[in-house]
Each structure stands twice: as structure tokens, then as C-alpha cells.
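Right after this note come the structures.
What follows is chain A paired twice: with chain B in the first complex and chain C in the second.
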Partner chain A sequence: MLIRCILAENRKLHGAVIWLVFLVVPMISALYGTFNFLQNLGLLTFDWYNLWTQHTLFYTLFFFAPMVGVYAAYLWRLEHLGHNWNLIMTVPVRRSYIFLAKFLVVAKMTLLTQGWVFLLYLLAGKFWAGLPGWPPVMIVIWLLRGVLGSLGVIAFELLLAMAIRSFAVPVLVGLAGGVSGMLAASRGLSLFWPFALMQAGMNSNRKDDMLSGQFFPFLLACLVWAGIFAGLAILLLRARDVRAE
Partner chain B sequence: MRAFLAEVQKTRRRHDLPVAVGITLIVVLWASASAPSTADERAAGYSALLYALPIMNAVVMPVGMAALASRIWDAETKGQTCKLLFTLQSRGSLFGAKAALGMLENLLVCGLEILAMPVLGYFRGFTEALDTRLCLWLLLCTFCVNGMLYFLSFLLSIRLANQVAALAVGFCGALLGLFAAFMPVWVSYLVPFGYYIPLSPVGMDWDADTRIARMFVRPLCWPLLGVTVLLAVILARMCRRAIEQEEV
Partner chain C sequence: MTNIIETKDLCKAYGSHTAVDHLDLLVPEGSVYGFIGPNGAGKSTTMKMLLGLIHPTGGTVRLLGQRMDARNRLDILRRTGSLIESPAGYAHLTAQENLQIVADLKQVPRKDIDRVLEIVHLKEYRRRKVGQYSLGMRQRLGIAQALLGSPKLLVLDEPTNGLDPAGIQEMRSLIAEMPRTCGATVLISSHLLSELEMIVDHVGIINNGQLLFQGPLDKLRRHSRGNILLEVLNPGPARRVLGAARISACDGGDPHCLQLPALPETSVAELVRQLADQGAGVVGVTRRTRTLEEIFLSLTESRKEVV
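Up next, the complex of A and B:
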């Protein structure tokens, strides 16, 4: 039944406007990152790691979390329109599956976003900047760690978008989360704040690994945060009822 | 006035006030964390704050204004109330009431940001005197750029029932505006989303050799402020026309 729910959520993404956000935001970041990299070669070393610091400079800090917010808010917005809420409350499916399907689909979207970021990074590095060789494997690992780091944020944004019938609020909260994540990371509290986990996972604007020797605490923190928010959301969804018209 | 009061009534369950305060809080939280800490830095604390706030505004405000505008119009989209409203009031009055409410919320956002400055200065122990003239200047410029972006988002919300568009444009605009700030000056004039930065009352000279930054008061860029107001007026007129032409 969970698979069917996932397929239904996937269908909702067909022709959705959020694909534009998916395409454009990493593209702007890649254009600026490469331009800035080439302009500052006096300060930066001409290698793949330095290009990475420029590509993820603002994207990871401020725009990755609101992007996840857009994905989450879009999937719940459909349920908040018209009589759709009553429809999902009455379908013969476990409430937890409804939430988990949305969670997995947003996680898939995040994974695809990271793939798109990597493709742009590769193309910009190879054909625009003309960097020799290929990107280090570590970059791919950082991107995948970014997906892990985003799990808590995905669950939180989905909880918010489910509870608040507004498209704008989860996006705005995502932006606030990005800022708070940056502040938490600067105080060494990356593992204690879900929005900072995402930035630590992606090793944004750093050449040295922020999580060196700390992968398992990081993984545990990701799973705990995702579990807390997903658990809360499922409890709330079970308590919700149809809206009498 | 009656139309405006009706709009205010609609905000009660929509919690617009916490959203507006939340937008300011994001900027204040950020500013409080990056405020100067050494004695030398505290001596130029307010100048540094006046320099940093427009950069923070360029990240937060485009999304914030899109959120406010989209929520104000989304009430009509979700409730499919236009058909009823257009029989009860003139379309012009509906636009006027929503524009007035949006600008009041904008004023609240900008006003709170300015009021937070002396509070931040007090808690961070700034020794520099706060120049009220520069604060008013920042307030005026932020209000005008916010107004322009509000009407752009409002227009998108009216034209496209899907609120993703307004938010996505605000979101991409914030990214472009921020990037434009670090490009040659002429590039920043081409990206209205980032006008907060060229209109900033304080500039910075960065000496790469000595690694010393010096803050200085900049003359207000009246032509750019004029362009901002003109764009806001054009976009407001387009919003009014969009409401007048709205099919029900």
C-alpha cells in the first residue's frame, strides 16, 4: 500500500511548477559560483575543491532548506485545496503511509536536486573553468551526506506544511532555518540542529571535511531528528479528522 | 475604509502579524549573531550594522514579501471568493484595501528592523553613536524596495492561481540579488531584487593588503530610489488592472 501511495505522490509532481525551482536555483548558484571562482583565482587555488566552495557558498546556507520547503509545501498544498483533505482522510490507507509517501517523494526530489547540482558543478568545472581531471569522489559523498542531512528538515517542513494551510510559511521557515543553521554551525552545534546538519553534510564553503571522524554521530542525529518530526506528524495526522462542510 | 477593515478582519485567523514579525526576526537573529565583538569593532558597530542589514535584507525580504503578498491574495484564491466580492465592492477598492494592508505590513517589517538596531547596539555594547538620519534613510530605502517586490509578488499571485510562482520568483530573486551584490556595481543596477545593497547608506572599503575594512557614509542614490519607486508604481498599476480584468 505504501508503494501505491508513493506512486500517487509521484503523479502529483507531473508537470508541477516546482520543477522550475528545481532547475533554476542550482543553475543560478552554479553560474555565480563559477564566475566568482574565476574572478578570485588570486585568492583561490585552481582546483575542484575550491570550485566547490564557491558553488555551495550561498546555495547550501540559505537556499537549500527553502527549496525543500517548496517541495514539501507543494505536496501538502494539493491536499489543502478544495475537498481534497476529506478525501485523504477517508481513503482506506494507513495515515502513516500518507505521510511516509510524501516524505520519501520529497527525499527523492532532494536526491535528484543534488544530482543536478553535481552535474552543473561537473559541466561548469570542466567546460567553463577548464579544470584538469575529474572531481574528487569526496564531493559525491558530500552531496549524498547533504541528502542525509536534509531528512530532518524534510520531516519538519512536511509537518509544518501539513499543520499550517499556507504555502508561504514553510518556505519562509526554511529560510529562517537556513540562517539558524549557519549560526548553529558557526558555534559548533551542527549535530544538534537539523538545519545545520544539512550544511555540515554538504561541507558547504569548506575544503576540509567538517565531519571528519564524526559520520556516525551525524547519521544518528539525522535519523533522530527525522524520526522525531515524522513521529509528531503521524501522530497529528492520526488525530485529524474530516472537515464537516 | 470599510474594504480595508474587511481585509484586516481576514488577517485574524491567517496570522499575518506573526509572519511579518517573523520576517524581521530572521534578519535580527542573523544581525545579532554577526554583530561586532572586539572594542575596535564596537566603536564602528552601528556603521557595520547599517552596512550588513541591506545584505541580509537582500536574502530575506524578497521571500518575505512574496510570502506576505501570496497570503493576502491566496485567501481569495482558496476560498474562490472573487465572484462574491466583485458583486459587493468595486474592484478598485479591493485592490486599494489589499495594497494598503500590504504596505502597512511592509512598514511594520521595516519599522521593527530599525527599532531593533538600538536594542542590538545596547546588548552588544556599541560605543558608536547611532545616526538617526541614516536609520531613516535605511527605513525609506528598505520600504521602497520591499514595496516594489510586494507588488511584483502580488501581481504573480493574482495572475497565477498557483502560489508557487510568486514564492519561486521571490526565492530566485533573492539568490540573484545576493549574487549581484558581489558583482561589478553596474550588474547590481540590473537586478531590482538586490536594490537594497546599492541603496545602502553605508559602504565599505576593503584593503586586501592590510586586510582592514573601513566604513563610510555614502550619498543616497536618488536616481536608483526614483527607479525603485517608479517600478513599484508601475507594478501597483498592473496589479490593479489584473484585478479589474480578473475573470470570475
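Up next, the complex of A and C:
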């Protein structure tokens, strides 16, 4: 049944404006990151790792968490509008599946976003900066780790977007979260703050691996944060009266 | 006849405000049950409690022979279709896509989409985005969503709201046919009795969260016997007869016209005989029949329980 719920969520994204955000926002960070890289070649080494530091500097700080916020807010906005709450809560589906399907669809969109970010990084490095060779495999691993790092934030943003009928709040919280995540990660508190897990997973603005030898604690922290917020959201779905507008 | 919906002492309070007050709703299987009350009477709240959308603060709900609780919720919803408040739907998707979403979630074969589109006459507009639909088309789409999976019970909350007269007429015929075409029991709400009296066979009248009347429509019609207008040539003897019979008479707007309360046929016949004997000169006796709407208004205004 969960699969059917995921299919239904996927169908809701057909022709949705959210894909515009998906396409454009990573392009902004790629353009800005590559431009910054080329302007600072006196300070930076001309290689793929240094290009990565500049791409992720903007992407993880300003765009990654707010994009997750946009995805989460959009999926719930579809239900907030036009009495759709009444519809989804009267179909014979477990309430937990309704939330989990949205969670998995946002996770899928995040994974696709990371793929798009990588493609832009590759194109910018190869054809704009003219870097020699190919990006290191670690970059792909860091991008995938970024998806794991985002799981707690996805659950949190979905909880927020479900409880608050506002599109802007989850996005603004994502923006504040990105900055707070960078501060927490720089103080070695990555495991204790979900937004910092995104930064740590992506190895944001670093050449050496931030999570060296700490992958399993990182994975555990990702799952625990996601579990806490998803659990809270499901409890709220079960306990709260449906209020459609 | 078994009841497909049974509530016992159903209550919902929001702080000090009681929206639904000890409601005992009984909807017989195979009926089209009109749930009628003014705006804010508690109709939508009751319907939402039936479907588990809001949690009662007291009482129980039984639907399709099962108690509505966490254990039975999915099984009940599998056999129930609903349209609550106004039609739902994703405006950026086509009607077909909207129905596919609901069909997937209800685990209904895709071919059922064709059947329901046919019933609501939307087949030729299936590829149009719902955002471009008129309100009437959206209402029909809402009904189609509710009909997916051939539910045994349909809960429709004011489905004719906002429709033009032609749309109302079309919706009425659609709903009236449902017990026959779909084998479903229908619970339908409205704030206008006149809107439903042509299609329902059972009625529940609610006001301030309390059920004022519940039963077959015929039973409600029996309450439609109204005042009697008595026209006489000699009001003096007529008033004496009425006084002796302890029947209160009001001025009918003319000295020769007297307005009497509703009386049984036998009492009217006896009264006419006495009036003739006393030389009142009976010119006319007219019974004023109240419309169902007037009964509804008198019930909801006086807040008296009649059954």
C-alpha cells in the first residue's frame, strides 16, 4: 500500500511548478560557485576539489535546505488547498503511509537534485573552468551522503509544512537551518543538529573528508533525527482533527 | 431494516461551545437520508466524525455494522465514499489523473474510472485540467471520486452548494438514482429541506447540534397539517361555540374570519355541525397546509423536539 501512496504522490508532481525550482536553483549556485572559483584562482588550486568547495559553499549554505523546504511545503500545499485534506484522510490508507510516502518522494527529489547538482558541477568544471580529467569519485559519495544527511531535515520540514499552512515558513526555516547547520558543523556538532548533518554529508566547503571514520555514527544520527520528526508528524496526523480549507 | 449508520450520544465540543450534542443518528440501509439544518447546525461536524476526520468528544459511531475506531477505520473507509465541504482535487492535474490518484489509494482497478466518469457525465472532459473546470464540473468530479470502488455508503456534504439551478437539478437526479444504480445508501446534507425533499426518503433535522426530528419523510409530512381558517356570517354565535369547545380563535384579518389551531378532521366536522346548529352561518372552512420548509423553519426556530 505504501507503494500505491508513493505512486499517488508522484502523480501529484506531474506538470508541477516545483520542477522549475528543481532546475533553476542549483543552476544559480553552480554559476555563482564557478564564477567565484575562477575569480579566486590566486587563493585556490585549479582542481576539482577546489571547485567543489566553491559550489558547496553556496549550495549547502543557501540552497540545499531551503530547497528541501520548498519540496516539503509544496507537497503539503497541495493538500492544504481545495479541501484535499478531506480527500486524503478518507481514503483507506494508514495515516503513517500518507506521511511516509511524502517523505520518500521528497527524498527522491533530493536525490534527483543531487544528481542535477553533480551534472552542473561536471559541466561547469569541464566546459567553463576547463579543469583537466574527471571529478574524483569522492564527490559522488559526498553527494549521496548529502541525501542521507538531509533525511532528518526532510522529516522536519514535512512536519512543519503539515502543521503550518504556510509555504514561506518551511523555506525560511530551511534558510536559517542552512546557516545554523554550517555553524554547528564548524564546531564539530554535526551529529547533534539535523541541518549540520546535511553539511557534513556533503563535506561542504572542504577538501578533506569531514566524516572520515565517522560514517556509521553519521548514518545513525540521520536515521534517529528522521525517525523523531516522522514519528511526531504521524502522531499529529493521528491525534489532530482534520481542518480543510 | 438494518441501519447502515448508527451514532449513540455523539458529541463534539470545542471548549465551551458544543457543536454536536448527544446525537443519535439512524440511517437505514438503502435509503437516501437527508441531513438538514441551518448553517452552523452541526451537519458537517457530524459527517466528519462519521468518517473519522474529527474525533468525537463523546459517544460512538457505527458504520456498516462496525464501530468506527482505529481498528476498523480502513475497512469502513474501503466501503465508503464521501464528498465533504466542497469537492477536492488537484487543480494542475486532469480529471483522469485526479481519479487515478484516488483509484490507486482505494486499490480500485483503473477501469472503474471510466464507469464513474460515465455516471457523472464527465467522460469527454477527462483530459481537461481540473483548474479549468466549472464549480458544477468539480462537484461532479467529487461525486466521481466518491463513487470509485462502488461504496456501500455515500456521505455527501452539501453537494449542490454553489450550483446553478440546472446543476442542482442534475445533481439531484444523480443522487436520487444512486441506491438503484450503485446499490449505495446515501447520507446527504443541505441547509434547505426544499432542495432535498424530492430525492430523500428519510430525514434528520438538526439545529444547534441537536437532532430535532428523525424519521421517514412521510412522518414529517404528517406534521404539515396546519391552521384552519373559519369564515362565518355571524361571528358572535361562532365565538360562543368556540369558547364552549375551548378552542382558541384569533382574528383572521376580517371580522367574519377566525383563525383556529390545527385540529383533527373529526373535531372539525363536529365543530361545523355545532356552528350550524347555533346559526353561525358557516361560509367556509379552509385548512392551511404547511410546506415542509415551514415545518423545518418552525422546528429550527422553536428548537422543540417533535419526535
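Basically, the second predicted complex is superposed on the first by the 240 of 245 C-alpha atoms of A that agree within 3 Å, B and C clash if a C-alpha of one lies under 4 Å from a C-alpha of the other, contacts with A are read in each partner's own complex, and residues count from 1 in each chain.
Methods note: contacts are C-beta pairs under 8 Å (C-beta built on N, C-alpha and C of every residue); 3 or more make two chains touch, one makes a residue touch a chain.
Quantities reported herein were computed from a predicted structural model and do not represent experimental measurements.
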Touching partner for A:77 - first (chain B), second (chain C), both, neither: first
Which superposed partner A:183 touches (first chain B, second chain C, both, neither): first
A:93 touches, of chain B and chain C: first, second, both or neither? second
Touching partner for A:8 - first (chain B), second (chain C), both, neither: second
Partner chain in contact with A:63 - chain B first, chain C second, else both or neither: first
Chain B versus chain C as contact partner of A:36, first or second or both or neither: first
First (chain B), second (chain C), both or neither touched by A:167: first
First (chain B), second (chain C), both or neither touched by A:197: neither
Common interface positions of chain A, toward chain B and toward chain C: 16-17, 81
Parts of chain A lying in touch with chain B, wherever the complex brings them together: 16-18, 20-21, 24-25, 28-29, 32, 35-36, 58-59, 62-63, 66-67, 70, 74, 77, 80-81, 165-169, 171-172, 175-176, 179-180, 183, 186
Residues on chain C engaged by chain A in the complex (per definition of touch): 48, 51-55, 70, 74-75, 77-78, 80, 82, 84-93, 97, 100-102, 104-107, 145
Parts of chain B lying in touch with chain A, wherever the complex brings them together: 14, 19, 22-23, 25-26, 29-30, 33, 59-60, 63-64, 66-68, 70-71, 74, 78, 162-165, 167-168, 171-172, 174-176, 178-179, 182-183
Touching residues (chain side chain A, partner chain C) in the complex: 1, 4-5, 7-8, 11-12, 14-17, 78, 81-84, 86-94, 238-239, 241-242, 244
